[in-house]
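Pasting the structures in now, so scroll down.
What follows is a pair of complexes built around subunit A, which joins subunit B in one and subunit C in the other.
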Partner chain A sequence: MDITAVVKRLEAIVGADNVSAAKSDRITHSYDATQQKHLPDVVVYAASVNEVAQVVQLANEVEMPVLPRGAGSGFTGGSLPVYGGIVLVLSRMDRILDIDTENLTAEVEPGVVTATLQREVERLGLFYPPDPASKEFCTLGGNVAECAGGPRCVKYGVTRDYILGLEVVTPTGDIITTGGKTLKNVAGYDLTRLFVGSEGTLGIVTKIIVKLLPKPAAKKTMLVLFKTIDGAARSVSAIIGAKIIPTTLEFLDGATIDCIRGKSSIDLPENCRAALIVEVDGDEDLLDRQMARIREIIEPSGTLAVKVAATDDESEQIWQVRRIVSPSLKQISPDKFNEDIVVPRSKVPDMIRELEKISSEYGVSIVNFGHAGDGNIHVNIMVDLKEEGMKEKVEIVLDRVFGAAVALRGSISGEHGIGTAKMNYLHMELDAATIDYMRRIKTALDPKNILNPGKIFLEKSSGESA
Partner chain B sequence: MVRNKTLKDFEEVIRKCVKCGVCQAHCPPYLVKKREGAVARGKIALAAAVLDGETGIEKRLQEDISLCLMCGSCVKKCPNKVPTDGIIGAMRREITDRNGLPVMAKLLAGTIGSARMKNTLSKGAAFLRPLWSRKIPQSSGLHLRFGLPGMENRTVPEPAFSNLFDRVPEFSEGQPGRPVVGFFAGCSITYIYPEIGEMMVDILVRMGCSVFLPKNQGCCGIPALSSGHGKLVEELADNNIEVFAGKKVDWIVTACGSCNGGIGEYYRTLEGADRSFTDKVVDFSVFLEKEGFLEKLLEQKRTADPVKVTYHDPCHLKTQGITREPRDLLRALPYVDFVEMEDADACCGLGGTFSLYHYDVSKAVGARKLRGLEESGAEYVATTCPGCVMQLQDTINHAGLKVRAVHILELLLRMAPD
Partner chain C sequence: MDITAVVKRLEAIVGADNVSAAKSDRITHSYDATQQKHLPDVVVYAASVNEVAQVVQLANEVEMPVLPRGAGSGFTGGSLPVYGGIVLVLSRMDRILDIDTENLTAEVEPGVVTATLQREVERLGLFYPPDPASKEFCTLGGNVAECAGGPRCVKYGVTRDYILGLEVVTPTGDIITTGGKTLKNVAGYDLTRLFVGSEGTLGIVTKIIVKLLPKPAAKKTMLVLFKTIDGAARSVSAIIGAKIIPTTLEFLDGATIDCIRGKSSIDLPENCRAALIVEVDGDEDLLDRQMARIREIIEPSGTLAVKVAATDDESEQIWQVRRIVSPSLKQISPDKFNEDIVVPRSKVPDMIRELEKISSEYGVSIVNFGHAGDGNIHVNIMVDLKEEGMKEKVEIVLDRVFGAAVALRGSISGEHGIGTAKMNYLHMELDAATIDYMRRIKTALDPKNILNPGKIFLEKSSGESA
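Moving on to the complex of A and B:
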């Protein structure tokens, strides 16, 4: 069927205002935060589950790919139409349907922005913990699809741990519900967990029931500067070893600190080779004791300075140090490869040592920071692709980095997903039988490979239907 | 002779957008429309596509480019400081260069007296509110902002009986040794709220400053900039820079956030603009603080039952980091109980000529202020830009709230004990 006929039928489903095959709309829906570019054939804005279902049914009929899209903030190309097709935008389905203060749940549409939900529940004294750095603009649908995490995950877990139930449009256009409003529920397979992290390949989430917690009364933030990365790593192990689980445990390595020196209001001396940001939350009187205890534990590890924020402003200054990292990196080299490997947290020092080794072996600078508390390291390989042979070199370096993470029993992605960006490396972590099992699930549920084709798995030449 | 930057001039910064999407959280039209074409990232992608020749200036593209308030909120939060507001200005000029002015702007161009559009003038003027066209000169950006049909529901104040230039002499002598201050009043203060301008001059003179109010100063050019009328922006800028050069002034004070953004920030980006003009531009709240006006206010006895006042950040000041000074000024007023409101820095929705083309979006952007306003319990919402005052009052009227939108100087005037 030619595209004008498809557009006509889409218009009948969602209204003419919500369909566009104009070049400009195709351009503005051809990218996400990875900066790859793939033009869709048509863009559709859905407003209800029925519209989503009908669009997917039509797509099955005309055999055109459908790409669910939230805010397009993904880091692995998940929402990109690599084979063209229909980009189905869910950002306008952005109603918070219910906040249940008795059962501590909320029910939302997928286009609700994460921080919006957080602000609304916090007004009622409640708390939705998952806090990706993109929370001010990413959608909960995207969070479910990628199983997003954030700094608070050390203590509170990731998106997966807060999803009680879903309404999903299947790849063939049926509407199903999974889980429910209760904390306990073992009726049938745990389909909720199957969908969380499925990167929009198994179904389109149209409603989400999340679990809420009471909002912690207070929090306290501490910045610790170290002479060595080992000192910082030993401190992380010591804190966890002492059975204290902070809310966040962020680390910056020496190369990162060199990038941001002089840009924050906090002085970062030359001999500072690592930093930790520790935050604890809970009852006010407990926090001071916890902070004192953490100081005691880490002081023997060669600290240069310990700064505990006395006010919200000071705490903000500490977080500012962390937030300026990403933008500052741009200034050391034109190109950056940002990977989010994860290792068991006791292995963070081994991984950092391995990264230093790879960096000096290949003569490329690697800047590391991230969530030490859960072993999730943001590895940034800083290069200039215009240099001859650099592209090939980066590939070898990436191979080594992922290999090292997997060898330490970690993973090639902690929170950003596989998408198109890491397809080539999936086999390093998962054996052939496991990948095959996943593929069989996909094929069984989506026989025509309509939903988000070309993601996670290297294609076996099926799915080039568009 | 000044010259606007062209789209090509912006090429390098356009390529600096890393598509992170951060701007989605801060772009008012996006927050209302929830469509990628409305957000800075989308519009930059379109600018890049036009530069690459990937697309022409098609209709949908023009619609997306028109969906920008040029508020600069995205620029402030962008990790790479991509100047989307400037890029949009260049895109709009590119569009008018290639296609001619859009229908609305054509009518408007008539009112501004561009030779090519002289014929449209009479037709265009017929639509204008009679009082407006009689009292406000054709060159004023106010016509671009408010003077057109299709906005019957909008509550806009009528022009004042006599304008600022009739009320205040061109030069008011201060004390020797004290600064000579040029006052750039702008269209709204000159024609609609001249009493605010009088108050401004009065305060400055009382502080010992000499005040120069050149009568042939014109519109700052923001409405023309916003409608893609590049040539007019250049003409207005040339004139304003020239008339203030007529006297040796130490500062050029504004009491309008948009004008400040226009003659300060925007002129600074013009090729060939005189830095000795733009470097002198200062918002009145910053100037008053620097000159010790706050201390004087703080010496006064505080009244027993002050009125609750909250503050709205005009985009053009917020993006320059001028957020503390106006608040401190309010706090120092002895009869004011200052309260913060949620979303104080959210855009009012006016955005140059934006509300003309997209009154519904503009209203929806403005409506985002209502919850904060209501919960603050304030009787007055004060701000530092007459455009925001009009837009906020329109929003408040539509919602039936009891709050009054005022300029900070109006509060001084209205409630000063003497």
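Moving on to the complex of A and C:
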């Protein structure tokens, strides 16, 4: 069927105003936060589960790919139309349908921005913990698709831990519901968690029931500057070893600090080679005691300065240090590759040492920061792709980085997903039998390979034998 | 292939001492904690993942069902060989392989008894929260298969929330690994959580990596006796409404109390029509304050007595009240049906009222207790199956009970699973499209229907159209 005829039929489903095959709209929906670009044939803005189901049914009929998309802020190409087709934008489905203060749940549409939900529930004394850095613009549908994380996950867990139930349009256009409003539910397979992190390949989420917690009564933030990265790493191990799980345990390595020096109101001296941001939350009376204990634990590790925020403003100043990292790195190196490996937290020092080795071996700058508390390191490979041979070099470096993470019993992705960006590295972590098991699930549920084709599971990745 | 030839080949895999086709062994492995009996053809005691894989490969070759089994303490027939075949007992695989105090994880074989792991990690100041009532004899493999719960799940979550990674033998006899030792991991589909609760139908778990927490510093237990069940239910809502999530919030209804009166050291007066056991844990300094606050919250709801345990012995006495419930009910009514519906916690009073209505309508005694904090009610239908027509009556009553739970947006199973016992009720909660989606997963992964056939997903349940 030619695209004009498909557009006509799409218009009949969602209305003419909500379909566009204009070049400008196609370009706008051809990229995300990676450096990839793939042009869709048509962009559709759906407003209801029935519209989504009908679009998917039509796509099955005409055998055209469908790519669900939220804010397009993903880091691994999870929403990109590698084979063209329909980009199905869900940002119009942005209603908070219910906040249930008796059962501590909320029911939302996928287009709700994460921080919007957080503000609404906090107003009622409740709390939705997952806090990806993009929370001010990313959507909950995308969070579910990628199993988003964030700094608070050390203590509170990731998106998967807060999703109780879903309404989903299947790859063949059926509407199903999974889980529900209860904390316990073992009726059939746990499709809810199968969908979380499945990157839009097994279904399109059209409604989400999340679990909420009581909002912690208070919090306290501390910034610690270290003379060495080993000192920071030793501190992380010592804190956890003392059976304290802070809300956040963020780290910045020396190279990161060099990139942001002078850009925040906090003085970061030249000899500062690592920093930790530690936040604890809970009952007010406990926090001072807990902070004092943490201070005691880390002080033998060679600290340059310890700053405990006395006010919300001071806490905000500390967090600003963390927030300027990504934009600063991007400014220095627009082509930088931002990976998010994860290792068991005790292996963070080993991983950092390995990264330093790789950096000097290949002569590329590698800048690391991230969530030390759960071993999730954002590895930034700072390159200029215009340099000859750099693209090939980056591929080798990535191979070494992922290989080192897996060798330490870690993963090639902690919270960004596999998408198209890491598809060719998946075989480093998962063996052929495991990938095949995943592929069989995809094939059984999406026989025509309509939803998000060209993604992780359907195509044999390069490391596998055919 | 005749059974003698299969036995010979099984002996070649696991050794002659670890295969039995003797009638006595077959009978011993024909039942669980339900009232069903299904005789296997042969019982195999495997000791390693390779043995398990070879047994499954052989079963595929001769097209014989394989039923993985731990302690056989399940409440829904999840380990019963409805179509005969091989019962594959995993209790010899009972080693704790590693307790990692730096990363707060443990690695165990599936035959480890839940309480054994708990004691071992508590010795190191760590904590594995899920606490099914059978924890002294059930195994972690079974806990994973059924997604076991327990009283502490109100605060800490269920088994699924503590499983980080698995080694699994697939239905076709491949060995795969899922997840790992890290808290975050988004490499591919979340097979780990797909396996949790899949009741041995998608794979046989041969290794389990669990997440541990720091052991709470202290705990405090309180028993509250109420004049009415409504008073108890109102208290539960009020506690959660005050943004307090206790470790446990167990309830017993009046009928349950009548069954256990005089059997514990605690006086339970005739006019006591409900009881709550509230436990809080955490920092010692907070507990007294938290208990005082809870007391304040519940006292307007018509309490008869409030007893806060001052010592471990007194706490033990309170918990004994809860522990004698199941054996006492079983003694009174050996044929009793023990269901475990779950409703949003605010709907517990509605559900209890509905149960009272059903009880009086059909003239059968229904006794309820369970985990009020997460809405998980153990509904005990106290019948004598020798009474004429009782079997049919129970079926109608169960239908009404499950219907009421689903109507309140609950589930027909909170923590016991579907197994064979609830298979025919699954369609009340899940629509045909959802069941079909599950069935397609099972068929894709287990094309010959070897693993646990006759269970939830493969067969059309009676409520579906063919």
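Definition applied: the second predicted complex is superposed on the first by the 452 of 466 C-alpha atoms of A that agree within 3 Å, B and C clash if a C-alpha of one lies under 4 Å from a C-alpha of the other, contacts with A are read in each partner's own complex, and residues count from 1 in each chain.
We take it that contacts are C-beta pairs under 8 Å (C-beta built on N, C-alpha and C of every residue); 3 or more make two chains touch, one makes a residue touch a chain.
Just so it is clear, the structure is predicted and the values come from calculations on it, not from any experiment.
Peer 1: According to the stated criteria, A:Ile332 is in contact with first (subunit B), second (subunit C), both, or neither; which is it?
Peer 2: In the superposition, A:Ile332 touches no partner, neither subunit B nor subunit C.
Peer 1: Could you say whether A:Ile3 touches subunit B, subunit C, both of them, or neither, answering first, second, both or neither?
Peer 2: After superposing on A, A:Ile3 lies clear of both subunit B and subunit C.
Peer 1: Is A:Gly125 in contact with subunit B, with subunit C, with both, or with neither (first, second, both, neither)?
Peer 2: second
Peer 1: Now for A:Ala47: first (subunit B), second (subunit C), both, or neither, which partner does it touch?
Peer 2: Neither partner.
Peer 1: Is it subunit B or subunit C that touches the larger share of residues in subunit A?
Peer 2: C
Peer 1: Could you look at A:Ala407 and tell me whether it touches subunit B, subunit C, both or neither (first, second, both, neither)?
Peer 2: Neither partner.
Peer 1: Check whether A:Ile266 is in contact with subunit B, with subunit C, with both or with neither, and answer first, second, both or neither.
Peer 2: After superposition on chain A, A:Ile266 lies in contact with neither partner.
Peer 1: Touching A:Leu304 in the superposition: subunit B (first), subunit C (second), both, neither?
Peer 2: neither
Peer 1: Counting only touches as set out at the top, which of subunit B and subunit C does A:Thr28 meet: first, second, both, neither?
Peer 2: Touch partner of A:Thr28: subunit B, not subunit C.
Peer 1: In their complex, what parts of subunit A are in touch with subunit B?
Peer 2: Residues in contact with subunit B: 20, 22-25, 27-35, 45, 71-73, 89, 91-92, 94, 111, 113, 115, 134, 136-138, 326-327, 330.
Peer 1: Which residues, counting only subunit B, touch subunit A once they are in their complex?
Peer 2: 18-22, 24-25, 34-37, 42, 45-46, 49, 54-55, 58-61, 64, 79-80
Peer 1: Spell out the residues on subunit C that touch subunit A in their complex, using ranges where they run on.
Peer 2: For this pair, the touching residues of subunit C are 100-105, 125-126, 146-147, 149, 153-154, 157-158, 160-161, 170, 174-178, 180-191, 193-194, 196-198, 202, 213-215, 237, 240-241, 243-245, 283, 285-286, 342-346, 371, 374-376, 409-418, 422, 426, 429-431, 433-438, 440-441, 443-445, 456-457.
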